[in-house]
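The following pair of complexes shares a single chain, chain A, combined with chain B in the former and chain C in the latter.
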Partner chain A sequence: MLNQIATIVADGVLLGLIYAIAGVGLSLVLGIMGIVNVAHSAFIMLGSFFAFELFRRLGVDPIISFFLAFPVFFAAGIVVYRLLITRVELAPQTQGLVAMFGLMVLLESIGTIAWTTDTRVITASYTNTATLIGPVVLANVKVIAGALALVLIVSLWAFLRFTLTGRAIRAMGQDRSAAMSVGVNVRQLSAIMFGLGIACAGSAGVALGMVFPFSPNTQILWLAWAFLVVILGGLGNVGNTLIAGLVVGLIQTGVAAFMPFDYVYLVLYVLLAVILVARREGLSRAVRRGI
Partner chain B sequence: MSGADAAPLLAIDAVTKKFGGVVALNAVSFQLEANRVVGLIGPNGSGKTTLLNVINGVVDADGGEVRLGDMKIGGKRPSDLAANGLSRTFQTTRVFQTLTTMQNLFVPLLHRQALERSKATERANELLAFVGLERHAGHTASELSGGQQRLLEFARALVTHPRLILMDEPFAGVHPEIKKVLIRCIRETVQKEGASFLIVSHEVPDLVNMSDFMVCLVEGRVAASGLPTAVVHDEKVIEGYLGRN
Partner chain C sequence: MTISAPRLQVTNVVAGYIPGHPILRGVNLKAEPGRITVILGPNGAGKSTLLKVISGFLPPESGTVHLADSDVSALPPHRHIEHGIAVLPQGRSVFPELSVIENIELGGWTMRSDRKRLREAVEAMLVRYPHLRPLRDRAAGSLSGGQQRAVEIARLLVPNPSVLLIDEPSVGLSPIVAHQVYQELVSLKDEGRTILLVDQDVRAAIGVADYVYVLNSGKNDVEGDRTAFEGDLGAMVRGWLGV
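Now for the complex of A and B:
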């Protein structure tokens, strides 16, 4: 029994790390820029296919793709910011939401045209192997994806905490017009922040693609998971997003070990409702806990 | 404050701003020269903060023109204006709450040249000592009292050596000791750094003492401008703002 619990906990932690990176970009973009980027999961899906194509065509290991995805999706994020976000970021939030929803539908449609709705998997050399650590059996692919996720989260946290640009981004998230008035170019920083959010989505997509089967339309499922992590953890705070990801991962593996998998959703969403009611807060107050 | 041959530091010429049917600023004109303190007074709703927002680039004027030195302000972003030597503080203190006192002072240096950034710590320490917050350098801004946050916001406004600092109600709700520190710092900044201030305040006696020039707005118009002692005795100012008692 103890062995089983140890395996459940270890598995939950690794899954939680992956969920945390799925949510962290969404959390930062929403918390700091106030943009509800529902297209976030579409970029996660594209990240999975990015790794899939690099692996299939060029034999590039997903571990390398994880790091390649970051600058590629960062650049994509900057382009989306310049072409789309600058037109809607100061408009009422519903306009931005509609624009991001349109982008999500567009990206999913492009994904379906390019790759059909067939489910894909990335089968690297370590995909079906496991490591025995004492009594705990761990799938190597989850250990690798979890470690990559941890590297990304720690790097992002360090960037926001210790660099001048990161601190200015946090300042902008707290008070955009005060930041402007002291000389911060909020357009430039917003572009960087949005780029980082999409870069996180791309890399998260690679990590998720290493562990789970995927198709263009699984992005909706990931959007739900990412929002769950974000709402549990609050917005714009990397540390809280990590903790929320770990909670979700542990609940998933814990519940799935003893009940049918469908109960995982029931438990998670009941927990979400209880937390929101207990804290008596909505999204706007969740923002203030972050950044 | 006009009449100099060189362009004034700030020239406001017939600035008009409407919000719907409400005329917030109606052909407001005055100038501010370098190395001066200008007091801006007037009743609530007279357009003082709106004027600061227009000068700061937060709000675009509907008519007229504002120039900072040779640069026309219309259409410029606040960050562009900050890069050209304009800085400000706000009616309600707006420091970055989760950053430390020191980090608050570094944020304005983000887009500055490497040389200026390399001296950031030196400049920040100098300013913290200047306003008396050196012991709080490592504290997050949210840990500071309201008055200390006011001083931090003032120090943050000075970090980039601005030519002109706009201050909106800097003395409102602060302890008299903090007010003394602020007044001393404003005077020393004018003397030592050659900066100018445009200060909005209802603390008229203090403003009269520290200003070289004063402007009174009433219902969006300049009711009077000139030497502070003359402005506070102007009939229009007494009638529109100060009252006879």
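Now for the complex of A and C:
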């Protein structure tokens, strides 16, 4: 029994790390820029296919794709910011939401045209192997994806916490006018922030694609998971997003070990409803824009 | 420390938030270096709007803002500090979740390519305001109103601006702290800076003013040096209130 619990916990932590990077970009863009980027999961889906195509066509290992995805999707995020977000960021939030919804539908449609709705998997050399650590059995692919997620989350946290640019991004989220007064070009930093959010989505897509089967349609499922993590963890807070991801991962593995899988969703969304009723700001009281 | 500051000149500025409905209707003023120029007026006179125009947050529909010979009317807000114009906005403007030292460091955002100079400038602020040193790692939002204002002023001064635009500096402060803030403005003036002060606290503002402009309904009303306004301030305010 203890061995089983240890395996459930380890598995839950690894899944939680992956869910955390699925949510962290969404959380930061929403918390710092106030943009409800419902297209976030479409970029996660594109990240999975990015790794899939690099692996299928060029034999590039998904671990390398994880790091390649970051600059590629960062650049894509900058382009989206310049072409789309600049036109809606100061408009009422519903207008931005509609624009992002349109982008999500567009990207999913492009995904369906390019890859159909067939489910794909990335089968790397370590995909179907496991490691025994004492009594705990761990799927290697989850260990690798979880470690990559942890590296990304810690790097993002350190960037926002310790660099002057990161602090300026946080400052912009707290008082945009005051940030402008000290000389911060908020348009430029917003582009960087949005690019970082999309870069996180792209890399998250690679990590998710390593572990789970995917198709263009699965992005809707990931959007629900990402929002679950964000609502649970609060806005713009890397640390709380990580904790929320871990909670979701542990609940998923814990519930799935003792009950049919369908109960996972029931338990998670009941938990979410309870949190929203009890503490409307998620796990942390000081959620907005803390890092 | 003496600073060679430029004159700030506003000429025939018309500006507002809705096209065709200007708040400012042809305002003119000059703020000279080494002096505190105060803008007074009743609510809705356009005082804060004028500061927004000068600081680039509200582009004028017509008219110009010159700093010495440079036209800064069309500069976006984040470019003003490059020209030595710094703004202390109305109300709290610290970044509440950043620490005191992070707030002050961000004041030197435009100096970020020269980290040594930035570090020295931040240290100079901790020397100038030693009471902030023990608070350096505290979240700025957790400080008292007076401490937050000190953080804002320290952050303002990191890039050593020559022109200071100050909007309602005493709002929400205790009388003692407000008095300290006004005394600090006098010190900053004595360093040679050009200071433009917008204030509702007529008595305190005139107490530190070298020259006073009164706006009414978005236009210049009366102006003069401090002595011209030191008489019956109550009558002036009652006039604004229409009582």
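Quick notes on this structure:
In this section, the second predicted complex is superposed on the first by the 280 of 291 C-alpha atoms of A that agree within 3 Å, B and C clash if a C-alpha of one lies under 4 Å from a C-alpha of the other, contacts with A are read in each partner's own complex, and residues count from 1 in each chain.
Just so we're on the same page, a contact is a pair of C-beta atoms (placed from the backbone, for glycine too) under 8 Å apart; a residue touches a chain by one contact, two chains touch by 3 or more.
This one's a predicted model, so the numbers in the text were calculated from it and none came from an experiment.
Clashing of chain B with chain C is the outcome of superposition onto chain A. In the superposition on chain A, contact is made by A:R170 with both chain B and chain C.
Touch criterion not met for A:V9: it reaches neither chain B nor chain C. Within the superposed three-chain model, A:M180 lies in touch with chain B and with chain C [touch as defined at top]. Looking at the shared chain after the overlay, A:L97 reaches neither chain B nor chain C. Of the two partner chains, neither chain B nor chain C is touched by A:L276. Residues common to the contacts of chain A with chain B and with chain C across the two structures: 164, 167-168, 170-171, 174-175, 177-186, 291. For chain A in complex with chain C, the residues that touch the partner chain are 164, 167-168, 170-171, 174-175, 177-186, 286, 289-291. The touching residues of chain B, counted against chain A in their complex, run 56, 58, 77-79, 82-83, 87-88, 90, 94-99, 103-104, 106-112, 117, 156-157, 160. Touching chain B in their complex are the following residues of chain A: 164-165, 167-168, 170-171, 174-175, 177-189, 291. Only residues 55, 57, 76-82, 86-87, 89, 93-98, 102-103, 105-107, 109-110, 112, 155, 159 of chain C touch chain A when the two sit together in their complex.
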